[in-house]
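The chains carry the letters A, B and C, assigned in the order they are written, with residues numbered from 1 in each.
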């Protein structure tokens, strides 16, 4: 009989240093993404969030080429793109999305170039896969400490920006009247978002990090009415999905011995199921209310 | 550059450029950039799944394109549309990475499907691309006026059959068809770049909708042709040039707009 | 003409309109007055056939309905001239790319002249002022010559001069072409000089008739279910909940005085 508890100890799940690094960096990426994600969903900026993550892949691939730590590459590119979007920025959603799209097209073009150069000039033949779909189990242990520090910085920014961001999400004009510098706060928010996407791009991959950013937040917002508790719920979902995904991916080496299942798949699947389940619960609640009324 | 095997590249790339330009015009005026990004990208797992199951790649692509349209459409009914699009995208990509991991030959496949391999297109792939692209372009031209009208306000369309929701769905299906055939030849990124860059410039050059659509197609063709030439010369990926030109086109469009609006200030 | 007969419309868990009745003869200029959330847009969308009523029926007579919706997305980047918007009113639902047609061009030109928009016909619609855009949307709605025109909050977000211009234009259309016009607004005062009918919506129910018949303390008090004062100041009307009256809805529970018409 299959016993998870026995399996974990037997397979040395908790004694594997790659797993330790994955749990630590993955966990911090999950928490930061979930909390920043609540603002992203409230501001209806899913596309900008996704675009930043995708573009950060240009930095990740450049880092491989120049032999820099991946975190530096992802982070620098995401911040550059965030500043670019803010400079061109527009308050109209249509135009904002278009700007995100154009910057994204250019950014992915640069990624294509760097990946091509990675493959032709270095030994990183696995570059496209690592950058786009993450490298959870191959992260260097020495990235752990800087990654945690960056995560702490992002969380501090969230605490600092909490009320202004909510006010702006409700109405930018009111926020401006109250003396807030809406553009500056917008830029700071985008920079925080950059940290979140860079962390999760490094772990679950540039094009999948959107799952951690949007999924838990969107689910939590359906379950909770207050932004504060939504952030807590989102963090719990994100961290459960990430750690659950790491565990399942580790276990999957025993299902299909030759090629294990990717961590990113499990994380995305868990988040997606939670999102679907949240829709179901609100639908149920509505039905109950309709029957009671 | 115009040898036999390059003829296929020129033909297919031009077909893709025309259709992507047409789709792009409506993408931009309807504010559907995220969908235009999501659908080509979430079509790519189809190719991987087809390899895994041993069926023809075309079927895999069509099924994946269909699933992503259904996903966006169904999830949008219950929540924020941008969240629905994002969730569809990541789920499809998640499935894609799973399929790819089971195939092996991982990275090159990922690279080709995301960023395209315009050189070395077989003659056999021209026909399906041509057929689907002509169908998609035809459908878009047929829906020209309703699409334009409903982008002003969804309430303006008051006919029984062409409701705003059906029109949204039709547009996504056309987008998906065009993406599915273009993807294996030019890659998801290139399709998407062509859907936002040229149109974002064309809309600022003229105020007439039909002409703006024509200009979009023209810029799209020029972008692709120049990118192929540069890619051939430098050996760099074609997606890099297409993406770059898209950003340049957008910037140029904003510049034109500024000049058009510029009024000399009165001398005081 | 427009007849609305014991109309009820609702969404699951939310009854928006309850037993709404009114009749407008051809050539009426009617204001549909109510606060935000009173069901004005729902009523207009039901008349248009975009929403299905739970009960009751709507008769609109022959000749089609013109409609100016509340939220129009006219961003400055839209490659669309004012005349293109009006032309879409003729054949926007048709399939295919529009081919040049002299008859359509004539129809568009004469419509643009009627609403006084000829001089900015070739400008980009997103570049026009709010009042000019509203003229273009009215031309769009009228270019197929409907006998009934519905406008959803056309005066919101307009400056005072544009409000006067749009009202004068609508009045001219009613007088010259005997069109029936139903305009929704949260403030009745700008419409007072021109409207000859009023439909007052509150809490999903309605009263209708001439302005003198409806805008009275006794009528509105029974509509709202608590005492309402109607105050006239310099020819303007203020509708206020009397001090001490107990508002029943949470929306109005924030203060003792509720003003629906702000001068």
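To be clear about the criterion, contacts are C-beta pairs under 8 Å (C-beta built on N, C-alpha and C of every residue); 3 or more make two chains touch, one makes a residue touch a chain.
Bear in mind the structure is a predicted one, so any value in this text is a computation, not a measurement.
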For this session: With chains as vertices and touches as edges, which is it: line, ring, star, complete or other?
Result: complete
For this session: Write down the chain pair with more C-beta contact pairs when A-B is set against B-C.
Result: A-B
Problem set entry | Between subunit C and subunit A, distance of the C-alpha-averaged centres to the nearest whole Å | 46
Seminar exercise, completed: Per the C-alpha means, the centres of subunit A and subunit B lie apart by a whole-Å value of 25
For this session: Take the average of all CA coordinates in subunit B, do the same for subunit C, and state the distance between these two points in whole angstrom.
Result: 40
Seminar exercise, completed: Going by residue number, subunit A touches two or more other chains at 94
Exercise. Residue numbers in subunit C touching 2 or more other chains?
Worked result: 73, 77
Seminar exercise, completed: Residue set of subunit C touching subunit B in the complex reads 45, 48-50, 65, 67, 69, 71-74, 76-81, 84-85, 88, 91-98, 122-124, 127, 140
For this session: State the interface residues of subunit A toward subunit C in the complex, per the touch definition above.
Result: 92, 94-95, 286, 289-290, 293
Problem set entry | In the complex with subunit B, residue positions of subunit A that touch it | 41, 44-47, 49-51, 88, 93-94, 97-113, 115-116, 119, 125-130, 132-133, 205, 207-208, 210-211, 214-215, 218, 222, 256, 259-262, 264-265, 267-269, 271-272, 275, 279, 283
For this session: Could you pull out which subunit B residues touch subunit C in their complex?
Result: 29, 141-146, 148-149, 151-153, 155-159, 162, 202-204, 206-210, 212, 257, 261
Exercise. In their shared complex, at which residues does subunit C touch subunit A?
Worked result: 12-13, 73, 75, 77
